[in-house]
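Right after this note come the structures.
Below are two complexes that have subunit A in common, paired first with subunit B and then with subunit C.
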Partner chain A sequence: MSEEALHAVIDDLGALLLFTMILIVAAGQIYRAIYAVSAQSLLIALAAAVLATATGNTDLWVIAGVTLAVKAVALPWVLHWIVQRMDIRREIEPVIPIAATLALSVVIVVASFQLTTSLGPVRQAIAGNALPVGISLTLTGVLVMATRKTALTQMVGLFASENGIFFTAMAVTQGMPLIIEIGVILDVILAALVMTILVLRVRSTVDADVADLDRLRG
Partner chain B sequence: MAETLLWVLPLIPTVTALLMLTTRDRRVLSALDVSGSAILFALALVLAREVAVGGPRTLGVFRLDDVGLVFLLLLVVLTLAVSIYTVGWLEQALEVGNMKAEFLRSYFALVHAFVATMVVTVLADNLGILWIAMEGTTITSAVLIGYHGHHHGLEAAWKYIIVTTIGISFGLFGTVLIYAAAADVQGGAGAMSWSAIMKIAPTLHPGIVRIGFIFAMVGYGTKAGLAPMHLWLPDAHSQAPTPVSALLSGVLIKCALLGIIRFQTIAAAACGPAFPAQVLLIFGLISVVVATPFILAQRDIKRLLGYHSVEHVGIVALGLGFGGRVGTYGALLHVVNHGITKALAFFAAGTAIARYGSRDMRAIGGLLAVAPIGATLLMLAALSLAGVPPFSIFVSELMVLRAGIGQGHWIAIAIFLSMVVVIFAGLLHHVGVMAFGEPTATASREPEAWFPLAGMLLLAAIMILLGITLPGSFDGILQRATEVIVD
Partner chain C sequence: MTGERPLALVLLEMTLLVLAGPLVTGAIQKMKARLQCRQGAGVLQPYRDLTKLFRKGTVQADTASGLFRSIPVLVVAATVAAGAFVPVVRAGPPAFPLGDALMLLGLLALARFLTAVGALDAGGAFGGMGASREMTIAPLVEPVLMMVVFSTAIAAGTTELGALAAHRGTSWLLAWSAADFLGFAAMLLLLPAETGRIPVDNPDTHLELTMLHEGMLLEHSGPGLGCMVLASHTRQIVIVAVASALFFPVGPAGAGVVGVLVGAGAFAGKILALAIYLALVESSYAKLRLFRVPQYLGVGFVCALTALALRIL
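Up next is the complex of A and B:
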């Protein structure tokens, strides 16, 4: 695959990633957000596969496989399981209206592209528009975590945020060392596990949702 | 020999944690706890000697230089003190019902897993490993913070894991950007190792390093408790079991500062020292200013100490920001001084809380009459934290101040000084209320237990020693560490 073709494919995938991010931000129901983040992880796995064929870096195949298994299938399944098990009736519970969050995420995307246009020479080190897309995904994921009260939506934001970092990391010319990428994925899994335990403990010991925890102040 | 130790060091707390899972006996657990920490302490001293004589040691992704050594020594001293303190603290906590005997082994195992992840952050040369270990500290300590299992503890744990995980993802992004810049210059192999990046740092593209540094600063700054990313810190410090509070405040936030120092040195080499210095100064000043009103108005003693940590992390950031030899040396010394003193303060506060059954400072009165040794130690720690000579924190604060004056940062100095004076008054007022006067009716009049005191006396001795004189070998480590950062 020629370099231009690769950049074009990466840019197309980047556009799709941003689209799934909008779906996550706009989701009014927790199920939709979970499906959207699953689709987003699928696209990340696809991007890894494309980059693996284009650069001949076999490590990226491993990343693609792990991302597909863990982030596109296993973690969304766990979230789904929690929703059913806890019989969640409360949905997204935004702190500020969803429309306002959407407007903010547009600002983030524009600012990320603006910021990275000033970095001429370095753009060569990272394929296509992966850098601004990665920054946008990370910051929007953080925005989702900060503006939603329920635990599960915050976890969805976390996964989206990690996806952004992975997208940029993959597109760095040489690819990140495999051991580091695996370690990062392992950390994400463990963090999700601990968060799940905390959510369930809050439910069982104090009979409340994480969103209702607001006593510690000052 | 020394190289092997780099591998063995993180293994010791890991093995200790695994051994702890095999028993339920409280005595065996306490024995394992103290001996594990003692072995870690002894081996770290051996390693320190090797590094002091033969320079930095490298093994794979691990490397120990003098900068790391400062943090490693603080880590092992505090771990040992915490273990000794825990023996006595546990007895009280079990009596009150704060800790449950059937879950003890998971508590001890998690503490040592937490220590293991912190050892890795200190030893990591590879910035990716540094990040992974840093996220590992979040995962292990989040469970510990919510360990008491009541409403407030779980809330603090949730807030902690969400805020620091958000923050630390910024840190990963910063790491990726620095890696991209380094890989662009020298190719992928070794482009994540800090020592390799430092060799080529002047040739890195300044634009991308700048963005990378800001991301890393926000990321590791969250974990270090710099304002305005400190939101998790007072909750976590106040809700965690007291030994864990001491580890969080004494060691964990210092490990995050080490991460910041690693990125600061790269950024200083790539885009000139002025840029990272400015960022550090801004975060440092915000931290000092934000912490002040909360310290004055505080009623919960552990929250008070938490906010006070925000102030002191701010002072370290100011020292690094003022820079130069004096500022950097002062910042490193302040890391050690504050770590030792704050752990002592948490210990003393923990025993006072157990005695009165309350964390409200208005309920704790006349401590001096019912527990003279504990009250004296609490007052010593508070005087030191407030920056009274001849205690150690006074020395390092003075160095930071001198560096600021030397560089002509008058506005920063003015803000810093006025806040320190206000906090001085507030802190002494709070401690005076607790120590003097008639003991309140809720106070237990039992004689003071020996084991929590042993842990505290160890730290108090170090604190006073560091105030009066700096041992030559430790001064040498600090000098060489300063050279690594400044040059």
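Up next is the complex of A and C:
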């Protein structure tokens, strides 16, 4: 695969990643956010496969497979399971209106594109728009975490944010050492497990969500 | 210059659009009926409705002014004129000075404004409600459409739709740049809103609580209503044609009758694909609450704005 074709494909995948991120921010129902984050992970796996064919780095194939299995299938399934287990019929509870969150996410996207242009040579070395796209995914994920009241949606935000970091790391380094990538993925799995257990336990003992835990009573 | 469109061709395309407009509505309704396991009316039903309406007499509210009578003609004229700006069978700039995409959007906005004025003029409660709702939605829809047009216009350096389509050439998805994906996503979100379909509006209902567009047509009757209905058919096919001109290249720019026929065939295929999309969306989603519509259109707006950002930055 030629350099230009690689740049074009990474650019296109970046645009689709941004689209899934917009869907996550705009999702009014938790199921939609989960499906969107699953689609996003699928695109990340696709990007890994594209980079693998372009660079001939076989580690990236492993990464693509693991990402597909863990982040695109297993984690969304876990989220889905929790939703059913907790019997959530409520819609997502935003702290500020979703329209305001959407506006903020546009600001983030534009700012990350604008700011990375000043990086000049660094950005030249990276395939396509991967750097600004990755940064905006990460920051928008943080935005989702900050503006939602329920723990589950915050988990979705965390996964999206992690996807952004992963995408940037992959594109910047053209494939990190396998051990680091596996470590990062294990981190995510562990975090998901801990959060799942915590959410379920908190729910079953005090019947409250994270938004209710902001004050300490003696 | 390749694929220049002389006056005769532009007029031919405009007529084609107006004639095919009801067919698209009929096809969408037929597909919807089949998806709901109904037999449904034939695809030619909208034509029969139109001929029936044009043969009927007119009844008018006592409170309506003289302007009310001329509203349907003005609306249909503005909409049909908008149809002239869309390339149908052949890409390329017209051979004579004609407006661009902004002119098209302006004419559609004019038609929308006149419809609302007519609804208010008749003095019916439903008309006023429909007009107020339509005018709430319109300023949310139009900027998004404009943004989508701009995001493709920046790449081509022109806002003339024929030249835009020609610039895109006959290459398919492979030649799409990153911004096109987001722009197309915004367009797909926008299509149901612009054509007055679920999840923004419901074209089949006459329940007062859910009407947007239909509410404004209640006071019209006979040929006037026929004009309004024809205008909404035309508006739908014009919007769909704009989407296909912006994102799918117009058919091969062959010369002569064969080229025109091939172009028309390709155009029919693209319109059919987008009509299937509309029918699927309409069958699988519920209508949004009115206060949820801004959020739905907000997604389109963000997509279009991001597409624009990707082009510029």
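One rule holds for everything that comes next: the second predicted complex is superposed on the first by the 212 of 218 C-alpha atoms of A that agree within 3 Å, B and C clash if a C-alpha of one lies under 4 Å from a C-alpha of the other, contacts with A are read in each partner's own complex, and residues count from 1 in each chain.
Everything that follows uses one rule, which is that a residue touches a chain if its C-beta (ideal position, glycine included) is under 8 Å from a C-beta of that chain, and two chains touch if they have at least 3 such contacts.
The model shown is predicted, which means the values in this text are computed figures rather than measured ones.
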item: When subunit B and subunit C are modelled together on subunit A, clash or fit; value: fit
item: Subunit B versus subunit C as contact partner of A:11, first or second or both or neither; value: second
item: Touch count on subunit A, higher of subunit B and subunit C; value: B
item: Subunit B versus subunit C as contact partner of A:105, first or second or both or neither; value: second
item: Touched partner set for A:113, first subunit B, second subunit C, both or neither; value: second
item: Which of subunit B and subunit C A:74 touches, first, second, both or neither; value: neither
item: Touched partner set for A:23, first subunit B, second subunit C, both or neither; value: second
item: Which of subunit B and subunit C A:66 touches, first, second, both or neither; value: neither
item: Partner chain in contact with A:129 - subunit B first, subunit C second, else both or neither; value: second
item: Inter-centroid angle subunit B-subunit A-subunit C after superposition on A [Cα, multiple of 10°]; value: 150
item: Contacts of A:200 with subunit B and subunit C, given as first, second, both or neither; value: neither
item: Overlay on chain A, subunit C to subunit B nearest C-alpha distance, Å; value: 18
item: Touching residues (chain side subunit A, partner subunit B) in the complex; value: 115, 118-119, 121-122, 124-126, 131, 134-135, 138, 141-142, 145-146, 151, 154, 158, 161-162, 164-165, 168-169, 172-177, 179-180, 183-184, 186-187, 190-191, 194-195, 197-198, 201-202, 205-206, 208, 210, 213-216, 218
item: Touching residues on subunit A, where the partner in the complex is subunit C; value: 8, 11-12, 14-16, 18-19, 22-23, 25-26, 28, 98-99, 102-103, 105-106, 109-110, 113-114, 117, 128-129, 132
item: Complex contacts: residues of subunit B adjacent to subunit A; value: 126, 128-129, 131-132, 135-136, 138-139, 142-143, 146, 149-152, 154-159, 161-162, 165-166, 169-170, 172-173, 176-177, 179-181, 183-184, 187-188, 191-192, 205, 207-208, 211, 234-235, 238-239, 294, 297-298, 303
item: Subunit A partner contacts - residues on subunit C that touch it in the complex; value: 176-179, 181-182, 185, 292, 294-295, 298-299, 301-303, 305-307, 309-310, 313
